[in-house]
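Next come two complexes, and both contain chain A; in the first it sits with chain B, in the second with chain C.
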Partner chain A sequence: MVLETEPMPFLPWLAGAADEWWKVVLGLTVLGLLLALLVRAVRYGPVDAVRTVGRGIWTTIVDLTRISPRRVLALAWLARREALHRWVLMAFVLFSLLLLFGAWFLDELSNDPSRLYLAFVLEMSRGLLLLLALVLSVASIPADLAQRTIFTIVTKPVRASELVLGRMLGFWMVGTAMLLFFGIVGYVVVMRGLTHTHEILPTKVESVSDGTGTTGKTGITETTRRHLHNFDIDNEGRGRTTPAQGHWHEVHVEGKGDAAKYVLGPPQGWLQARVPIWGKLRFKDRAGADAAEGVSVGEEWAYRSYIEGGTLATAIWRFEGLRERDFPEGLPLELTIRVFRTYKGDIVSAVQGGLRVRNPETGEVSAERSFPAREFTTDSQFIPRKLFDPEGKPLDLFEDLITPAGAVEIELQCVTPSQYFGMAQPDVYVRARDGSFTLNYVKCYLGIWFQMLMLTAVGVMFSTFLNLPVALLATIGTLLGGYKLDYIRELTSPQMVGGGPVEQIVRLFTRMNQTTKFEEGTQRNVIMMIDDALRWIFTRLTHVLPDFGALSDSSFVADGFDIPAARVLEHGVSALAFIVPVFIAGYLMFRTREVAR
Partner chain B sequence: MRGRQQFIRKIVYLAVLAGLLLPLSWLSQPASVEAGGARQPGGKLAQLRDDYSLSQARLGEIDPVSETMKLATLGMRGPAANLLWGKALHYQKIKDFTSLSATLEQITKLQPNFIRVWIFQGWNLSYNVSVDFDDYRDRYYWVIRGIRFTQEGLEYNRDEPTLLREVGRVISRKMGQSDEHVQFRKLFRADDDFHGARSMSERDSWRVGKEWFERCVKVIEDTGRQPKGSMETQEASPLMYLSEAPLCQLYYASTIEEEGTFGGAARAAWAEAEQDWDVYGERDIPVGTGTTVKLGEANYRFYIDRVNELLRRLAELAPGLRERLQAERVASLSPEERAALEANHTQRSPAQNELAAKAFQKLGVTHVNVAEALEPGPKRNEALKVAVDATNYEVWKAEVEFHRTTVNYGYWHLRCEAEQEPEALEAHELIYRAIAAHREVELEKAAELYLAGFQKWAELLNKEVSGVKKYQPLVDDGITGEQMVADIRKYRACLKQLDTTFPENFPLEQIIKLHDQEAQLQPTSDRPTDEDPTPAAE
Partner chain C sequence: MSDDVVIETRNLSKVYRDFWGRQKVRALKALDLEVRRGEIFGLLGPNGSGKTTTMKLLLGLLFPTGGEALVLGKPATDVTKNERIGYLPEESYLYRFLNAEETLDFYGRLFDMPAHRRRRRAAELIELVGLGGAKRRQLREYSKGMSRRLGLAQTLINDPELVLLDEPTSGLDPIGTREMKDLILDLKSQGKTVVLSSHQLADVEDVCDRIAILHLGELKELGRVDSLLKVQDEVEFRVAGLSPAAQQEITEVIRRHHGTLVSMESPTMTLEELFLKIVAESEAHPGRRVMGSHGS
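So, the complex of A and B:
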């Protein structure tokens, strides 16, 4: 799968995230306090400002520390009932309808239907749930204010913090129920959608012999769902089909002679949750010297770099922490490399690659093992326990090639001259074990759940001081900004081709080429100044906006990789770290409303 | 009173409303089919929709999914389609082809009647996405995906000639002329899913492509709709699209011989190609000048003969007059003009070039100039008429010649005839067997077969039909020449492996002299080069 950022262990991530978090929170708090002091001071003088703000801080601490769970739950229950009245059930109906007829929208000729189904179900769940959260969260308080039903609550001994938290909690309860429904129904749809079998006609089965006698049978299945498989069966009547559309089937024979019936098992290879051990990638150039990265073959997306075939260019992965008891038979290595041909050459034959295993401490290396490169598919290369060195001396994987600390290097070369192999760090990994697909699916929905929690909190926060349309726009803006955070960071980068926003606008309307330099002068200085200010603002904004894209793990599930527990933990901590300040901000904003006094 | 006035006013409004229902019904009544099958055309708007093929039912299949998606965008179909295009480009960039094809499906649901979507993305899948895969089987899969994508467009845009042509183009060209054409043609033949009930014998990529081109031409003839060219705003040239089906047959005949089909089957294929080419030549093809041309041999011969006849008549009417006028004009040139004309054109100065151009124009003696130079009288009148006719016929002949050259009509016609000759059929078979023997390292046998094949080619090229070496023009032609040079190079490699020099009096020496660009196959060379190819093993 594609991982453009290297996953970090949880604790180092937490340290870095906490460092940034407290700086942002502190900065916003100080900014808020200064603003409050300034506004108050202008109206009532500095003494009054200090006194009022001080009192406000004390009230806030009291309100936040004396929240009554009972009252919060009561308000949450009220919010839940309100949500049900607001046609939230329609979302259930809509989701069910979309799933029932989802096949209409899917590409029936897809070469990877499991990926397509999973991506469809997960993305639709996310989209619908976030839409629901958006509508529910922004409409509640403004509607209460407009209809004056808020007075029935604020006249009760309810704290403003409890009111805001109760709303959030109520909508969270509704969203969670929705998500459970989406998750279960989606799971059933995926399972049913992918389950299929093929008929095998006896007329399409042939015996295979090798001169000494029949060694088995070979045949071809009938076409189902726009694909078919070839298969081989041994003399005991058991076998397997070739892969197609990312899956294969077990085959067995029932009965004998003319009454023999060929039975296909359910599809396998779909709906996996591989638990990988990632390595660290480094390169050697064509002369064998260390290189920072491989070569570029001119692709626009620079995720992968390439090594040249027929030279000393090598891609080396270093794996750590490999234990003998985990891999007693050998290392299950998996590759998803790319091939780039500088000339077509032998079209029928694949480009050849070579793999070696090296002990990073002793330098002991195994003999090169050749393999034909296979693109756009996971190529399994099992490294057995017993190997040989280039002179033919037997080697043991763990005793000779893996260090006592569990480190080993896997060297990959392209053998065919003038052709190239492309790789990124996650493209080669050790398949430690297979996790549970169902659990992985649940973990993915947890990510969606966290997104829903965050968006609901934002919506309720905005609704405490904005009217409905403006709160809706602000929340939508937050959602879009959260998903396009990488794009915003790219725009604020000083290396952005064409300059900042104002410069780009000027270039657009004057039809100036992006690489043409502006003439020195006042105009250029003014444009640069404004752009610098805008960059500063947007950069600060990227620290505040929630990174919804990072919470989305559908690519893990669709590509068949286990979502690491550390990642789920990171999502949870991120969500909590976002929600708490947003709740406090919402509470403070609500307190400024006259109705809350 | 006021209440009564309001009441009356309401009655009047109701009456006006009722009255307006009549013209409304005349305008908007939908078309329907009654029990018994009789079709009611409906109101004026329904009839106009029918006449201009604007209604979805007339355009093609009514797709509830497409209609639902269009409605769901709440009027923002354009921005939604834009977003999807951006996503499609992103997925292609990161080579997530599963998501790319899914996104294309969504785009076409939003814009099912935008032809350029189907054409561009079908081509994109077949030509750009396919080459990203290393395994030729994967490449084939994506070429077929692109073809199917374009075919799907026809379900929404029934009988759209641009789409029909595009399907034919990709099937014929990509399967038949790409680097992987050998492998693609095999896979195409074995592709039951694509062909359905089509028999194995009809599963040749050129033949299937030809079917699609013929379907396109039939739609054009039946409906008058023209296919679009590479630009949305221009129509495709009839000269080109009418030639595509016959060319497929030509390439089919050529390809099956390369693949080892000879004798009667090959001859029949070439005969069909000749017939198709003749039919194409007999069509009145509209060209850019607003006229029509016929490319056929008979028509072209007619213009040649007519021009010759008229020029002969003019010469009879004004014997020697053209030469005299020419001499007078040369004499009238200034010394500078004469010097400019006589100078080597590569060594002229810009001023001399200008002078030379003007002088050249002055020297041109037209047929009308010749006629006008005669004394007034009936002879002059006749000469003028002949001169005007000759000028016109020369213009028409040039037009036919130009368009014949565009599609290489003359070459292919002659080639069709030549390939049906027994010498050609034998030559192909001998060369094929020679290549097979060479691949099996039966070098002496291969050398013998190569030479026998080249001798047959020489016999064909020197063959006289009605006292004329009819197929000599093929010697000059680059297509034939290059194909023969490629086989000669294989022969050369075989001789090199036998450590034998090239034979003297090689039967195709003329071909080598005319088409061997690198001069490495000079038969008098003692040392073979290292660059001659050995046929690759299949």
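So, the complex of A and C:
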């Protein structure tokens, strides 16, 4: 699984996030107040401006603190009824149709159908839900204004805060109900879609003997869902199949002699929620000296660093907090190593790697264990308690190689000369345990739920002061900006190859190479000035836009990793921290609007 | 503002501007107005005279460009004043996917009314506006008159002190119009203040105690209806059973006293009175043609 940002514990994350949040909210508040003072002062003079803004602040405090739950619930009820009346049925139908027919187009020959099914269901749920949230939230208030039904509401003792909150709450309720539906149906679809068994014909089972007698049986299953398995059974009548498409089955024999029947259990190895313990990665270069990173093999995506085979280049992961009571038998390691071949060689054979365990305090190290690195698969390596040092002296994993505080280093090298191993920090981890897949699935839907809450809030906020098409565009812009936040951050970097947005456009139209320098002169200065201004705007935008991409955890579930509870908590806090100011902004915009205009 | 005054506007003005802030229309010019407790006050004027703008300013649906409006002693933009106000818009802007019961329950909740009170009040009002048989039908199936009646019910859901009615008889048939006027008079008898805007002169004349006549955003006339309508230098007698000879004699008397006889004819009833009479007779004697009895 790709994790481009290092997971942080909740409290340090919260401290940093809260610090930024306060600054942004305070900045926006001061900016809003200054703008209001300026506009009012220009129109009615400075005295009126101060008086009006002061009264406005007081009214805001009153309106936000005297919200009537009954009125908010009534307005939420109305929004819910309106949504049911307008769009929800369509979303149900669309979801059902996509589920019914979308599965036809999933690749049955995929190496990992469970990933495919999960990604399909999760992404479809997210897409449809966000589409529904977008349409509902943006259309409601403009429709009310156009039909003037809002006259009968705002002439009741309804505060603008209640009206905005009621709308948001109503659409949140609808979105939540939809998400529950999507989640439950999606779960059933995944389970039913993946569940299968294989028939075993007695004619395809053979006895295995080692000269002293029969040791068991071996055979091959019939093809189901375009794959089959080989299997082995011991004399007790129990065994398992070889893995295929990321899963395997238990096999047992029922009956004896000619009446013997070979029965396969359900697929296993799919739908996992591995709980990893991540380590910290550092490198040594080909001469064995410490290095900030490995070498680049020329890929644009610099996520993975590479170490050269047949040299002293090493990737070292340091793990902390490993306790003997958690791993009494040894350490279950999992590795996803990317292989970069500088020559083809025997493409079927794996490139060989070496693995050592080192005590970071004493420097004691285990003998190298050799392992084959296969591409695009996750390899399991179990480090047993009993190990040996390079001289053959026995070592105990916890007594000799892991410090009393639970720290250990895992060193990986590429053994095959002139080939490279590519690796990023999350590529090697200790598999601490397996969590519940169902719970993980729920946690992933929580991430989608938070996105729906945020998008709905944004849509309602824009609809309080923009007409329908403009509000729709603004909300879509926020959504896309939120998903492309990393790209916007890139745009703000002065070091970006090819320059800022305007410079890039000029290069595009003049077919100028990205690295060619502009000639000094007015044209260049103007371009740089505009780019600097745009960078300033984009930098501010990155602090305001919601990071929707960070809330999407479908890759965790699809790749079989447990979503850490701290991450879910972060998502919840982020969503709340975003929704509160958006709600207040929506309230202020609506309050200053003439609804009968 | 004394307790007796329910609405007070001082120099109230409204200018509609375009996106760039340029003046488009001066809809209301320096309106000074007082509406007293317990009266029926009419805002009269042709289309575009500023009466709906005035109503919207009083309700806080628009913000004044200049001056101020106080409603029940509070600024018009203060939402808490709405607790004691009922408003019937020009069209009954109701949610068409709800039924009558749901509609009234919803508006009752906006007044923070507890459930049992909402249920009781909704039942009373549905009965009052005669929608008992259609209370569970979605409003999309309602005729304009039915929607108007439900609109009136929502206006009264909170038993308001002040009722603002924008074109209250719009879309109603003559019977509905009469019922609406009776209801307005009934509200007055309950001590409520009613402000209505209309260009139906007869409606205003029938029910209003005082009127303000607006034209092009300016207040042109303000006062009691009876005194405004009184023709000061003419006298009118309505006498029944007078013979032609007696009529001739009265004419002579007028001439002798240097009066000018403007007209002497049999009085006519209004079309509304005629219509209501026909309907009443038709209901009393179903199947009988009643038109001939009034001369055709």
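Methods note: the second predicted complex is superposed on the first by the 588 of 597 C-alpha atoms of A that agree within 3 Å, B and C clash if a C-alpha of one lies under 4 Å from a C-alpha of the other, contacts with A are read in each partner's own complex, and residues count from 1 in each chain.
Definition applied: a contact is a pair of C-beta atoms (placed from the backbone, for glycine too) under 8 Å apart; a residue touches a chain by one contact, two chains touch by 3 or more.
No experiment lies behind these values; they were computed from the predicted model shown.
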Touching partner for A:374 - first (chain B), second (chain C), both, neither: first
First (chain B), second (chain C), both or neither touched by A:247: neither
First (chain B), second (chain C), both or neither touched by A:115: first
Partner chain(s) touched by A:167 [first = chain B, second = chain C, both, neither]: neither
Partner chain(s) touched by A:74 [first = chain B, second = chain C, both, neither]: second
Partner chain in contact with A:303 - chain B first, chain C second, else both or neither: first
Touched partner set for A:344, first chain B, second chain C, both or neither: first
Residues of chain A defined as touching chain C within the complex: 68, 70-71, 73-75, 77-78, 81-82, 85, 147-159, 594-597
Complex contact set, residues of chain A against chain B: 2, 101, 104-107, 109-112, 115-116, 119, 223, 226, 300-301, 303, 338-339, 341, 344, 346-348, 350-351, 373-376
Chain A-facing residues of chain B, complex: 64-65, 69, 93-99, 101-102, 104-106, 109, 133-136, 138, 141, 145, 148, 179-180, 183, 192-193, 536
In the complex with chain A, residue positions of chain C that touch it: 16, 56, 59-63, 79-80, 82-83, 85, 87, 89, 91, 93-95, 97-98, 106-107, 109-112, 151, 154, 158
